[in-house]
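Each of the next two complexes has subunit A plus one other chain: subunit B in the first, subunit C in the second.
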Partner chain A sequence: MGVQGGRPPAMNIVVLVKQVPDTATERKLNPADNTLDRASSDGVINELDEYAIEEALLLKEKHGGEVTILSAGPDQATDSIRKALSMGADKAIHLNDEALHGSDSLQTAYALAQALRTTEFDVVVLGSESTDARTGVVGAALAEYLGLPQLTLANKVDIDGGTIRIQRQTDDGYDVVEAQLPAVVSVVEKINEPRYPSFKLIMAAKKKPVTKLDAAGAEIDPAKVGLANATTETVDFAAAPPRAAGTVVKDEGTGGVQIADFLASKKFV
Partner chain B sequence: MSHRLSEEYEELRRSVEAFAHEVVAPVIAGHYERGEFPYEIVARMGEMGLFGLPFPEEYGGMGGDYFALCLALEELARVDSSVAITLEAGVSLGAMPIFRFGSAEQKKTWLPRLCSGEALGAFGLTEPGGGSDAGATRTTARLEEGHWVVNGTKSFITNSGTDITALVTVTAVTGRRPDGRPEISAILVPAGTPGFSVGQHYSKVGWNASDTNELVFEDCRVPEENLVGERGRGYAQFLRILDEGRIAIAALSVGLAQGCVDESLRYAAEREAFGRHIGHYQAIQFKIADMEARAHTARLAYYDAAARMLAGEPFKKQAAIAKLVASNAAMDNARDATQVFGGYGFMNDYAVGRFYRDAKILEIGEGTSEVQRMLIARELGLPA
Partner chain C sequence: MAEVLVLVDQVDGEVKKVTTELLTLARRIGEPAAVWIGEGADDAKAKLAEFGAEKVYVAPAELNDYVVAPKAELLAKLAGEKSAAAILVSATAENKEVAGRTAVKLGSGVLTDVVDVTADLVAEHSIFGGTTITHAKVRAGVPVIAVRPNSIPAEPAQGAAVEEQVSVELSDAAKAAKVVERVKQEKGARPELTEAAIVVSGGRGVGSDDFSVVENLADSLGAAVGASRAAVDSGWYPNQFQVGQTGKTVSPQLYIALGISGAIQHRAGMQTSKTIVAVNKDPEAPIHEISDFSVIGDLHQVAPQLTEEINKRK
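Take a look at the complex of A and B:
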């Protein structure tokens, strides 16, 4: 980034958006290859990615620039891309190739890194994990592939010139982490409150450019992606056991003690 | 021929649905119980552009249309009617008369603030002695040295006494016609004008988180240019506003009716009686099926009225039908949903109890059910 004409430099912000099955519906895996059965439930934007979009929009409002959505996924991911554009992002890149089907976290990070090389950016923002796979490693792996600093679990982001500073949420407070741009930032839900799309932006979203990108276009090596080349494999799956009935504590003078003992036995206190 | 929503309408509907569940539902029962106006919810509705839905972008609107407003009203009312009526009155009674009939100056001055939701407008039509008989207006406005001097009282005026109320457009007698009938005009009175005061705050059966007041005008002076539209056209103007408003109230009623289905379905799947969830019993199933049928048919009725209005076709009869059947559906569904909930339905902790209290006004406001029948009969050519 260079300072031009005395004005603060505009920023190119890329937000990584993943379409995931709606957590409000019953989600299924496909027994044939142990990957997600996308037909079984509606696709929605991964919830934490909505916070990432909001943070990118706030950064744009403060510093100027452009917000680009990058999403890797099949055709139906266009719904989530349009929703992201309805929130106020300027344009999108849709990485869509059958060769990517079944890619694990590392392969996904590699593919996203390749797609990012097709565009200019100062900062990449993403949710710290997805509600489906929940590996939480894509941001870190992506930074590694790009050779860029990673600032993870941010609940606050500040950019000043070429420096980015975040508060990284920890169990008992936060760390302040700083890096030089460009950088990769993953966010947690405490960071902001995502906006609801307005009708004006919903209508405008239809006219915003969405660049279609396939594996070849992103110079993705087909031998490094897809189910057959995955570094990890889902070998089996089972439904979560039904929730057991709760224990009713009848208070006959010792209710408080019983509840305290229970919490202590579960290491809550 | 299709009543399926286009992509943009569907996305708006989903956006408002999410807002209603995430922002309104968790807190509104508290506001309702305390009779508090939900300022922070209204502010967020403004941020997402709901108050500007049917207005052009040049006035800070969303460039949408009246049907977009109706969809938003339905989704809000599925969760809460106080919030929905605040939007309905703010847009179709507060801002719409200025947009439709106001001068270029009035539009420029008021619409951006009203569209953003930072300010609310109100419409003062009903009086203590005249509701359905709107022609019996007693409030007067006489022209005196370049000012209108307004005197009179208005009843049941929504959004008229909040901290963010910016104006009320009042109908007033401004003279006599040659045939002796009163000449009625609409006059814009900004909040805070000396002589304009908010009278008694009502204790209402429902809509308890919305703002409804009596307004008193005592030698209240506003500049002559605060006339909205043409002098003597006040009556014709508010008839147009009321025709549109009926579609909006129908949409709001459908929302309440659908909210009753939502709540009953949830409860039928969790409440047990005689060893099974009550959803297994035909007594409950048939009630819920009837509720869904009423909500669905009423929705089609308001979609049809809105489509005709947007196409520039006559819609008076369809709007009256939509308002009549939708408010009936809301009332019937609220009664049935409360019954599904049994004793809990009578508790204010449950949404259906609130729906029950909020439903009755829908058969009264923006033209009673009797007025709707009268309008339908006239449209059929029966003698006036």
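Take a look at the complex of A and C:
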């Protein structure tokens, strides 16, 4: 990139995709090692990743190039990879190694950074957080590991030649942030409206190449990943105490007054 | 006692409430040292002292010109120089990123969305939409912990707040993502959503982009306004006010849900609220099950009556 004038060369865009337990099903931790019990609930593609894929496809439509999916996860993650390919991505890399089991968010960022070094890219796009762990640190940690500009929490992305500009969502508006490619971009929910895969694309997705990558292939240091080397440790877990049953009343014309009385009893008014 | 670094959150020079909560937490662990970036530390010092800051490290405003990375470089440097026992930040979207990068630099670990921390640095989380409580700790290096606002009450305890100017030579990588413009949108007088002691949220039942029924109740209580995903997706209220799994997580003293059914995705963002009140005309809506007090009825009748009643009792 960075060519002056004329149409910029085609872009290599990598989208990070994570398979997560479906929020609509019961999610559990595994008492044996306090990690996510992936068998207890259905796996689905992380919702925000669909926005990342959509943004990558929009960038490709505008600038030309290729969209590659990168996912770290066990065999079941294939489902989410196929879903991503059926939205229109061109190919995928599946980083799958037992050594990665139990990796925490920083270790995952490290592993993804290593996997990214096996391919050429101009932009890495990911969802700003996953619906399971919700740490929201992977994009930032990835930028740190790769030494690349961090353009996270984007609700708008524009690329012009070698320059990328985003609107970074803040509590009271947004910051306009600028950097030179290559860069790491994370997206928030309202950036676009993810497309539904067409039947044609779903069929085509089955033939798209998925490259298998293991820890050694990505030159991942085994001492830096996995549960045994995790930087954090879940000591214990338990079901949250259920909320005590509250009062339910039907509005007979004084519902507002009844709430006011309740709030007064709790000293809120 | 070892120092515990607390990254200060401020709005136009005013210390945010969450920082006073973090200073309170830091006192359990060691000696609180506030980290202030930019101008205005002199004016803010009294507030930081009031909640126990023994030191106030003041770093140049230049750090705010770039996204996240400079703050991480500062915190990592201070953690080393001061042999800090831990670093505490608020669990905002930006500060969680700061925490992540800082931990990578320190070769330590990061814990985010923590709701409590013990003196020996065991952190409590509320996960899976508030259905599971976990305890976790960082295994190596200086723990970096992002604590959710409103998790613990702030308690004053006078500190010395000795000011010290600090600086950091920013790497080129830290200056790679430059903030070229800041755009502020409709702030108004309402408290910030994740900080507010009371939140009033509206959902599908509001029925249109006229959110005044929600806003009027919020204003009578001095509350922040939130919205469910259904309301945001319908274009009735801006995205940054969305409460739930893909929006903000709030944990106020009081949460009032108007016309919100209470799907798991919404509960994920509000279930740790201390007291929950709901108005929903559907008797089957799950929100009734998690509410301390709920009314089966039309919010357009109940909420204005409640607003009027609150204003009357002031």
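To be clear about the criterion, the second predicted complex is superposed on the first by the 233 of 269 C-alpha atoms of A that agree within 3 Å, B and C clash if a C-alpha of one lies under 4 Å from a C-alpha of the other, contacts with A are read in each partner's own complex, and residues count from 1 in each chain.
As a working rule, contacts are C-beta pairs under 8 Å (C-beta built on N, C-alpha and C of every residue); 3 or more make two chains touch, one makes a residue touch a chain.
As the structure is a prediction and not an experimental result, all values here were calculated from the model.
> By residue count, is subunit A touched more by subunit B or by subunit C?
C
> Considering only the touch criterion stated at the top, classify A:Met203 as touching first (subunit B), second (subunit C), both, or neither.
Only subunit B; A:Met203 stays clear of subunit C.
> On the A-aligned overlay, A:Lys83 touches which partner chain: subunit B = first, subunit C = second, or both, or neither?
In the superposed model, A:Lys83 contacts subunit B only, not subunit C.
> Output check: A:Pro74 vs subunit B and subunit C. Expected answer is one of first, second, both, neither. What do you get?
A:Pro74: touches no partner chain.
> In the overlaid three-chain picture, which partner chain does A:Val137 touch, first (subunit B) or second (subunit C), both, or neither?
In the superposition, A:Val137 touches subunit C alone.
> Applying the touch criterion given at the start, work out whether A:Glu47 contacts subunit B, subunit C, both or neither, answering first, second, both or neither.
It touches subunit C, and subunit B stays clear.
> Contacts for A:Thr23 in the overlay, against subunit B (first) and subunit C (second): which applies, first, second, both or neither?
second
> For the complex, which residues does subunit B have touching subunit A?
It comes out as residues 7-8, 11-12, 15-16, 18-19, 44, 47-49, 52-53, 57, 62-64, 68.
> Over in the complex, which subunit A residues touch subunit B? Could you list them?
It comes out as residues 82-83, 86, 195-200, 202-203, 206.
> In their shared complex, at which residues does subunit A touch subunit C?
Touching subunit C from subunit A are residues 23-24, 27-29, 34, 47-48, 104-106, 109, 128, 131, 134-141, 143-145, 147-153, 155, 165, 167-180, 183, 188-190, 230-240, 243-244, 246-251, 253-260, 262-264, 266, 268-269.
> Looking at the complex, which residues from subunit C come into contact with subunit A?
Counting only subunit C, the residues touching subunit A are 67-69, 72, 92-94, 96-101, 103-105, 108-113, 122, 126-141, 173, 176-185, 187, 192-194, 198, 221, 232, 239-240, 242, 245-247, 249, 253-254, 264-265, 268, 275-277, 279, 283, 288, 290-298, 301-310, 313-314.
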